[in-house]
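As written, the chain order gives the labels A, B, C, D, E, F, G and H, with residue 1 at the start of each chain.
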Amino acid sequence: MQPHDLRELLEQVRAGRLAVDAAAEKLTPVADLGYAHLDLHRKDRCGHPEVIFCEGKTPEWVAGLVGKLVEARQDCLATRVSEEQSKLLADQFPQGQQDRLARTFHLPAAPPAPPCGKVLVLTAGTSDLPVAQEAAVTARALGAEVQVIADVGVAGIHRLLRHQDKFAGADVIVVVAGMDGALPSVVGGLVACPVVAVPTSIGYGAAFHGVAPLLTMLNSCAANVVVVNIDSGFKAGYVAALIARRKNVAGG
Amino acid sequence: MQPHDLRELLEQVRAGRLAVDAAAEKLTPVADLGYAHLDLHRKDRCGHPEVIFCEGKTPEWVAGLVGKLVEARQDCLATRVSEEQSKLLADQFPQGQQDRLARTFHLPAAPPAPPCGKVLVLTAGTSDLPVAQEAAVTARALGAEVQVIADVGVAGIHRLLRHQDKFAGADVIVVVAGMDGALPSVVGGLVACPVVAVPTSIGYGAAFHGVAPLLTMLNSCAANVVVVNIDSGFKAGYVAALIARRKNVAGG
Amino acid sequence: MQPHDLRELLEQVRAGRLAVDAAAEKLTPVADLGYAHLDLHRKDRCGHPEVIFCEGKTPEWVAGLVGKLVEARQDCLATRVSEEQSKLLADQFPQGQQDRLARTFHLPAAPPAPPCGKVLVLTAGTSDLPVAQEAAVTARALGAEVQVIADVGVAGIHRLLRHQDKFAGADVIVVVAGMDGALPSVVGGLVACPVVAVPTSIGYGAAFHGVAPLLTMLNSCAANVVVVNIDSGFKAGYVAALIARRKNVAGG
Amino acid sequence: MQPHDLRELLEQVRAGRLAVDAAAEKLTPVADLGYAHLDLHRKDRCGHPEVIFCEGKTPEWVAGLVGKLVEARQDCLATRVSEEQSKLLADQFPQGQQDRLARTFHLPAAPPAPPCGKVLVLTAGTSDLPVAQEAAVTARALGAEVQVIADVGVAGIHRLLRHQDKFAGADVIVVVAGMDGALPSVVGGLVACPVVAVPTSIGYGAAFHGVAPLLTMLNSCAANVVVVNIDSGFKAGYVAALIARRKNVAGG
Amino acid sequence: MQPHDLRELLEQVRAGRLAVDAAAEKLTPVADLGYAHLDLHRKDRCGHPEVIFCEGKTPEWVAGLVGKLVEARQDCLATRVSEEQSKLLADQFPQGQQDRLARTFHLPAAPPAPPCGKVLVLTAGTSDLPVAQEAAVTARALGAEVQVIADVGVAGIHRLLRHQDKFAGADVIVVVAGMDGALPSVVGGLVACPVVAVPTSIGYGAAFHGVAPLLTMLNSCAANVVVVNIDSGFKAGYVAALIARRKNVAGG
Amino acid sequence: MQPHDLRELLEQVRAGRLAVDAAAEKLTPVADLGYAHLDLHRKDRCGHPEVIFCEGKTPEWVAGLVGKLVEARQDCLATRVSEEQSKLLADQFPQGQQDRLARTFHLPAAPPAPPCGKVLVLTAGTSDLPVAQEAAVTARALGAEVQVIADVGVAGIHRLLRHQDKFAGADVIVVVAGMDGALPSVVGGLVACPVVAVPTSIGYGAAFHGVAPLLTMLNSCAANVVVVNIDSGFKAGYVAALIARRKNVAGG
Amino acid sequence: MQPHDLRELLEQVRAGRLAVDAAAEKLTPVADLGYAHLDLHRKDRCGHPEVIFCEGKTPEWVAGLVGKLVEARQDCLATRVSEEQSKLLADQFPQGQQDRLARTFHLPAAPPAPPCGKVLVLTAGTSDLPVAQEAAVTARALGAEVQVIADVGVAGIHRLLRHQDKFAGADVIVVVAGMDGALPSVVGGLVACPVVAVPTSIGYGAAFHGVAPLLTMLNSCAANVVVVNIDSGFKAGYVAALIARRKNVAGG
Amino acid sequence: MQPHDLRELLEQVRAGRLAVDAAAEKLTPVADLGYAHLDLHRKDRCGHPEVIFCEGKTPEWVAGLVGKLVEARQDCLATRVSEEQSKLLADQFPQGQQDRLARTFHLPAAPPAPPCGKVLVLTAGTSDLPVAQEAAVTARALGAEVQVIADVGVAGIHRLLRHQDKFAGADVIVVVAGMDGALPSVVGGLVACPVVAVPTSIGYGAAFHGVAPLLTMLNSCAANVVVVNIDSGFKAGYVAALIARRKNVAGG
């Protein structure tokens, strides 16, 4: 809770316009909804509110969580939104931004600040685009400037090298790849910034739903490559934004 | 090659003190040693010279690579140094710094600059210390300030929480853990900076030489956790230093 | 068969009201239904009648087994009840209690005794609720008092710590978690009672349908954590009740 | 720290016989040894002091930890003690009890109380004995009465059934088995108490160092079987003792 | 081709009632259907004609193969028959015997001879019945006498032991089990004949679609247990019949 | 781009009939479609244009890529075409050749040259035919002469041996097999040319969707066997054609 | 215990030459040695005494078990005998037959009866010989006639086919193979008797210590192939002898 | 056997200088040594004599096989030669060529013909050299011209690209790589000839002894990449030579 909001709330209590119980609940860092303990304190602790992972939740639960975040005046980002959940959210929160390729819902608490830090997202193939888009939406929601370049896998290395000028400007590069997962190693060897590699479940047979590129990336011969879970565009975008915005922190 | 060195070399050529062939070789960004192509260009491209991974190499090969880096006036860091390799290096490069817990060899080309950025390294158990130390040596070699806190695993969570004040000051936290690998998830939920998780092969039975903590970390419920290979203290330290020093980059 | 029932049956035989063959069958500890050998002796041997696992059985087979248990005046608990099975059971045994979240059917042979022992069930996330509910229904069917607290995973550790007062009162704690499966290790380190950990198939990618949390839990750094099969809320609830009710056993 | 010790310590401070700094350190629930944070608070929190896992530690580290526990007047149990560690411990703590089959070191802080609760330990084969012995030593250290019966695997089921009278008296049964790991399922179906199953790495080929019996046990068709890590006699003994001693807790 | 048929065919050729080409094709031990090379020689070589595995084949292909076997006057057994294939076969070969539980089609070339050898088929659970039935149908098709006893798993060992008298009469026992797969080890220890173990994909979580019972069975501590593929009732029934009928072979 | 086309294009520029921008785009070796970077240079570099892998792409994306290749006057081959994609392609490119068994689309830029080199494709079973057909279509598209022989698996080895005369004429043999994957080892031992082995996902249980034959083939005791991904008829056909046509290259 | 021995023992009791306690122990079907429960009843139940698996046992334990079997006048077979165990056995039981290739010890209770049934053992390679020899020694100890033919793997199929005449005479064939494990499928397709396949850990890389041939054999396309554990020559020989000797059983 | 040798042998028989039995043995295509069936026919069938795989064989067995090949006047190549085997071979066959890096022994039957076809061998790292050298020795033994370029992995892609001129001249390229195994995908995208990829067991942690690069290579996004077993330089060299020498075959 921001200082301004806090003061206003206490004013209401003093003036008798807000009951003590209601105020206490608003000040509690956890909202207990029975089916969930929404962590309202995470923004203060981690710099960003809790993000809603929608898989395995009923549309009503998702909408309930969104509503609670809106009520607490916090940014609301939801990922892996199903068709059914998407419809209920569009109904109840028409002002939210939905991206069907990325399967995300975003409802900021305030107009966005100017972006801070540059994130470049590369994909090895066209089929990796949904995961890349989830990374892009997430990184933008966290305040980064994001550019996506699709289908520059290593089997046609000149496709990658012609974009090399864009690498220098990036604070961090997210590389999304399935099948052989070789792209992060090549990119990592070309740049001085961190590379966040995202294996995807694209491929067949011995790709084993993303295990092959996951192992490739963990064993990358480039020293600046870190890895997130298979298909986790969300986590890659989140960390990329964290890294990118550090350059505005005062030097130590 | 630094401008000063370059100018001196060309002077020698002009003056006839250095043959053209010898000069050409010195200017080539790759040193072909037969058994290796040392990438002398990496410093310019990636911000740090090639680091020597010693496993599977003869002591003579390792010493040859170190010699070539010294000759090229580049920083030299070697990891996974065996007893036998360590002895030959101590003989030939007595000025190098060896750390037997981390199994590293470090021979900087110049006195270190003041450190830039703070890296905090945590371990879940005492047995994770060698991997943590490899991370620490690497991050320091790349210019970061590093602090290590050992044995603060989640089964005694108050051990971790009493160090919470140190978390705020860190630009990035490296968390080293074997067995259940649960520490990064807890740490990730307490901080606003990126967390680089390193699974270790410590444990037995269903730990499967590090597979258990690797999977735990990839599935971390904290959004700011990225992962590197099992026992790869080196890669964690490398990326942590890259992240930490970004705060001195001019804002965008 | 309870002594009272036994005596009554023998009376009927003596009085000629029950044929010897029919009586013999009633006294046999196994009911052979052709498709199943229902173990009517288990209550005497293990303290609780056989529980019906419904997967892979036709609705008619399930109903047949329920009928046989009712006939034998034993408690009837069925798990993993499908929609189709649920309907047939509702038709034939309207007095049975069905829980659609837990997918259970319960038809006690007698009004419940006062609960004995306290079982606390925690979940890491909202999506773990169905498995937790199966554990709760089972433990209650076996006579324990049960409380469920949902969504207190380790990424927001204060959510867990604010419930710490409830831990002391529990005789045993069931912890249900998917993804990183880190919660049992943290809980185990906070309490003096046994912790029964249940990995769930919640998550994606490298969660491998529950393998990741299963390994985490088997490698827990807390000494009081034991593990059951992935998604096996049933087994966790069963054992938890067994442990909880031991406190009423006369000391040794 | 026990009340008596605490009072004495404060007396010394008051009388000036103990410096404030030294006293503060003694009162801290964590002993920071640099290489380890010994959790001195665990006894109060979990009912038993921290147990020392010796793998991956130098003999000096192990001895240091033992010394610290002795100094804090807490029970000291160490597991997986190597030959080399064993010798140093025998030298420095000759009063400690060493069991070379179990590879344990035990140094109680006080003479043992009368045992509370009965733990029965069964093994499927002769080669499972070291793991069973680790379970037995641990359960005894935690105050339970323990009996071990070796080599009663299912291929000669009469060997098991002739000991059936001992099952009834047990509060919990630990079953240790490698290879097919089938014993816990049979035992579980014969008793009304919890069964803690320990898979061992005994066997060859498709036993995969304990994976086969681990999977067998997780899939046990008996409802009262819980599982611990491969070869983890320690954890089985620990939990078994926790379960066994609950019967003395006042009923709820 | 039987001697009688062969002589008749040659008679037809001699008499000019059958063209040489047509006769040649009938004498060829392989029928090339384009999509398949039906092995008409297998009966002579292996004692039984080729059995048709229906998965991955169109109904027309299956019917074509059946037709070819009928034409060659060989027994026809087909396994894993789908609904759609079943309908076409019922249409074209109404005299064939279909078993919907076993998913088999059987069309013998001649009335069955008196059975030779006794095969006993046991299942651990009710859900293992379809696989057991496939074994029974196959063994009967190969001439054995077969008895099936369902649901005698080890968690209620008395259910098994009450059938022990039937074990002595069997020439071979097929044991079908999913989940923990423990039944073959117990049965193997009670008998002097070979035991053919069939793991099934029944179960969930760490059963991994039959991997758990497969490993259990491969590691059986009973020396007389051999194993076939997961869910392969067919192969178990086939080999069991081969073993059972050996007792009529003249002694050596 | 072929010399003739290039000259014509430059003529158009010179004559002012084509804008410089439009011409520049046509000369660029990569077509950036936003969702894809089509590698128009691959034909010059690798001898064959980029082949379109259709899985994970919308029908519109696939049609867009086909259109671009047609526009660039390059051969167009697409694999793993879904029903929906097939329909759109049939609509927009009726002159394309579709093979529904192989799930391919082929639209050559010019009438085919006489075939060069002979590829023999063998399958172990009937169910392996779709993968074999994908290999055949691909090899033909690359200019090879191809013959397919189905269902000659090792359990009836005479079925294979009767085709042995065809082996000698082949420049390379593609062997497609699921289940035990044993066929390539036998074929490899009979011939002097390379054998390309393709494991298929045909089978059940411990076939693990193609893992079993994949491992068999990687461990083949015949020295001339190389392996491609599970079900990758495409890659086998591609490499087979490359090998087959080498015999027309001038000797070295 | 044989009738003759039993009568003699009772005579001794009657005559007072043997104490009742000592006699009771001799009549007990289990010998409890503390570290083992030797199953003296197995001969009556399973047709052959317990076989001693030596891994994980001290030489003294092995010798103790051998002594007990000798004392009970039962055949003694021990497998996986280490160098150290071998020496102690040679010392204490010089009349035992040791086979160092097979690593077995055999001490029959009586001169062998004429062999019953023929077992043929084939190996794919020379390196599979130790496992094959263990099978041969075991099958001979159980009374079968055994012939071993080495190194007839499928890459040179004529090596196998020239021994085809020996196949017809065999009652059962044991096939031992590592690497691709393809031999059993080929052999199975050539014969009418059961084939017992033994995967070996011979090979490297993707052979995964016997997993590759194990999977091959489980997926064999020949219907008469059953499988035992990796490297388990013992179990293959045991079952082969059981099958082979059935032909002397009276027909049913 | 070559025609000249054959004629000479028959002359000796005719002249009575060679016994018929001895001659018959010399003409048999298989040499039965008891421990091995040496396939003397393979040269005629497959174009090259049997190659001796030395693992798991005694030095005497290896020497016996070499002697038999020499006696049959066939080329002799042995791989994976141990220190001990190497010494015995040096003693008995001093004219043989031993390569200690590749661990090979080569003893040609005749002076080499001029090489036919060009094989290029690339390695990703220095530690991959032994496997690469085994490939080179093998390909040369089969008559190819071979060049090896070491340590051109993708993290410094300019190291690879500077050798691009050598790619055009190659008939086939062998790429040897451990860790991420990314090099074959990049190379495959640059050339028009087949690429044979060899994963190595170099690396640690999630490299899983070569599994990671094996999967990468099987999933290569370049269409011209085929794969052999982990560390199998031998097989890669063998097939590469087969491919390379096809260009001299008369066109079809």
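Just so it is clear, a residue touches a chain if its C-beta (ideal position, glycine included) is under 8 Å from a C-beta of that chain, and two chains touch if they have at least 3 such contacts.
Here the structure is a predicted model, which means the values were calculated and not measured.
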* Asked: What chains touch chain B and also chain D?
  -> C
* **For chain F, the least number of touch steps when starting out from chain C** => 2
* **Listed pair (C-D, B-H or F-H) duplicating the B-D contact set, over half by residue number** => B-H
* Relative to chain E, which chain has the most distant C-alpha mean position? -> B
* In whole angstrom, how far does the Cα centroid of chain B sit from the Cα centroid of chain F? -> 44
* What is the distance, in whole Å, between the centres of chain E and chain G, each centre taken as the mean of its C-alpha atoms? -> 28
* Structure fact -> Averaging C-alpha coordinates per chain, one finds the centres of chain G and chain H separated by a number of Å equal to 39
* Asked: Taking each residue of chain B in turn, which ones touch at least two of the other chains?
  -> 42, 125, 155-156, 189-190, 205-207, 211, 214, 218-219, 223, 229-230
* To do: Could you run through all the chain pairs that touch each other?
  => A-B, A-C, A-F, A-H, B-C, B-D, B-H, C-D, C-E, D-E, D-G, E-F, E-G, F-G, F-H, G-H
* **Residues on chain F engaged by chain E in the complex (per definition of touch)** => 125-127, 129, 150-152, 155-156, 158-159, 162, 202, 204-207
* Contact residues on chain G for chain F in the complex? -> 124-125, 153-157, 179-182, 185-186, 188-190, 203, 205-208, 211-213, 215-223
* **Residues of chain D touching chain C in the complex** => 42, 45-48, 51, 116-118, 145, 171, 188-194, 196, 214, 218-219, 223-230, 234-235, 238-239, 242-243, 246-252
* **Complex contacts: residues of chain C adjacent to chain E** => 29-30, 34-37, 39, 41-42, 50, 53, 55-57, 61, 199, 201, 209-211, 214, 229-232
